[in-house]
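Think of it as A, B, C and D in the order they're written, each chain with its own count starting at 1.
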Amino acid sequence: MDSFFYKVVFYKKNKEMEPVVVDVKHRVQYYETDKMGYVHNSNYFRFFEIGRTEFMRTYGVEYSAMEKEGVMMPLIEQHARYHTPALYDELITIRTIVEKMPMSRIHFEYRILKTDDNGKEILVCEGWNELCFIDEKTRKPLRCPLWVQEKLEKVLPVK
Amino acid sequence: MDSFFYKVVFYKKNKEMEPVVVDVKHRVQYYETDKMGYVHNSNYFRFFEIGRTEFMRTYGVEYSAMEKEGVMMPLIEQHARYHTPALYDELITIRTIVEKMPMSRIHFEYRILKTDDNGKEILVCEGWNELCFIDEKTRKPLRCPLWVQEKLEKVLPVK
Amino acid sequence: MDSFFYKVVFYKKNKEMEPVVVDVKHRVQYYETDKMGYVHNSNYFRFFEIGRTEFMRTYGVEYSAMEKEGVMMPLIEQHARYHTPALYDELITIRTIVEKMPMSRIHFEYRILKTDDNGKEILVCEGWNELCFIDEKTRKPLRCPLWVQEKLEKVLPVK
Amino acid sequence: MDSFFYKVVFYKKNKEMEPVVVDVKHRVQYYETDKMGYVHNSNYFRFFEIGRTEFMRTYGVEYSAMEKEGVMMPLIEQHARYHTPALYDELITIRTIVEKMPMSRIHFEYRILKTDDNGKEILVCEGWNELCFIDEKTRKPLRCPLWVQEKLEKVLPVK
């Protein structure tokens, strides 16, 4: 029996300008469904949040540590395109992709995937969003903190 | 056509030790349902929150004003008993009842109601919860702020 | 004292190709905020849902009635751009705009607005989404039901 | 680096009338917090749902399989008592405890726990709830399905 409820599968570390990808498994909960029997459309944006948090943790950046330093990351814009509904209790993959180093903004791409009975990957939803950095006190824009840049530089292609 | 989406119906002002009651109408949203087609059980606690906020506003106490003064009201305990499911798009009543003046804690009772085709009231869910007052900075317990007591004293039976 | 918690303000009925607009007032709830003190980004998509439901109800189309006939409206795509955060207890306006008659899809535009201390409108968030019509049983695409078309034709510009 | 985001730790199998316990780890998400910086009170009931689903899966009962057979499990009653707030990004344990075989109802107990800097367990929240079994079509009460009883009998004390 598989004793791991959720796990992070680590993808290729970046070499030669390839985007960096992190996968997180998530089990669809009953409270995430709606009366259509599908995951409610708003919840995919919550899955994106799980994805980017684990992406950053994977490369040594805990968002909670950033907030303790007084840096917050509000959302500027986001988008989702729905392909196939995810259903209750399905084990989905939240795939987060970053293509370049953040400066004053960071851009994440997402793919929500599930597998059919033959183990073939099915695209559930794709999306992206863009976040900025702000000072917790003044709520004014900031550049990406240096220590975060240093952590991400090791893996992200500097374009 | 009824142009009012939601409204507060004011119940009897307190006279001679009667509990004080405030009703709020709420339209059940799609995102509040689950795949059973019912309002998800956790959302009733959110309805309770709508109810107590409007209860307090009705008697001159804005929770947001209290927070601006550095007083927060975390939950200590809560309970719900489910009778009949509320369904998508139904117009429910969130009834909030307070029986006595808060000192270091405040106790709210709730009834979630809907009406059948003949206009008869049906009990959907009943519950209660208890909140305390804490200092935003120290996160230590406080007594109910004086100005809040003064507002509520005018309507609540002092037992 | 204003006894109306939420209300729908009816905008201009359609004349000569103008888009049709419906406003709904919504009070930001505590459970809609996150630790940044802002409405969580995912909740704006729930506000969009409140908006389009009331838009359709305003013109005689209850989404719940459509579902009872076996027609469901899943989301295909959606987008949000965040301008200014909405905060706890603020009274926001959910403005829903439709520009043309739905055939196999329906496209909604949204503006989330609040007012500053001088009563001037502030743009909180703007977005759009597109929904299709499917058969509840087969889950296959359908055209917009005739009775819905007839209701909307009376107000929407037929381009 | 710990590559496991979430995992289920299996507790003692039942011997001599002891209650059966299953633990699930859950990382507190940003969208689960409110402006107080705490996990919103309503979300604990969602954690309870994660807990009981994994409890049942651990002993061979997938709730989704039960639903496919036309048996649903709505909530009858629930309770939570809050001790210490869980904060953003904390790794909490959702402990689910069942003391006896379900017949027409099933009673779950929960403890939400976190650990302090010395690894000592802290009680965040404790609660319980009771669910019944209903027929999906008629929505009438049922007894616990036989195959579910057989699975649970192997581990649960038959009192």
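Operating definition for what follows: contacts are C-beta pairs under 8 Å (C-beta built on N, C-alpha and C of every residue); 3 or more make two chains touch, one makes a residue touch a chain.
Since the model is a prediction, treat every value here as computed from it, not as a measurement.
Engineer: What's the farthest chain from chain B if centres are computed as the mean of the Cα atoms?
Structural biologist: Checked the centroid distances; the maximum from chain B is A.
Engineer: Does the chain A and chain B pair touch with the same residues on each side or with different residues, judged by whether over half of the numbers are shared?
Structural biologist: Answer same: the two copies use largely identical residue numbers here.
Engineer: Between chain A and chain B, tell me the centre distance in angstrom, where each centre is the average of that chain's C-alpha atoms.
Structural biologist: The mean C-alpha positions of chain A and chain B differ by 36 Å.
Engineer: If you average the CA atoms of chain B and of chain C, how many Å lie between those two points?
Structural biologist: Taking the average C-alpha coordinate of chain B and of chain C, the gap between them is 27 Å.
Engineer: Counting only residues that touch at least 2 other chains, which ones in chain C make the list?
Structural biologist: Residues 30-31, 35-36, 42, 46, 49, 67, 88 of chain C touch two or more partner chains.
Engineer: Residues of chain D touching chain C in their complex?
Structural biologist: Listed in rising order, the residues are 30-31, 33-37, 40, 42, 88.
Engineer: Which of the residues in chain A end up touching chain D in this complex?
Structural biologist: 3-8, 10, 24-25, 29-31, 46, 49-50, 53-54, 62-64, 67, 88-89
Engineer: Which bits of chain B are touching chain D when the two form their complex?
Structural biologist: 35-36, 38, 41-43, 45-46, 49, 67, 72, 74-82, 85
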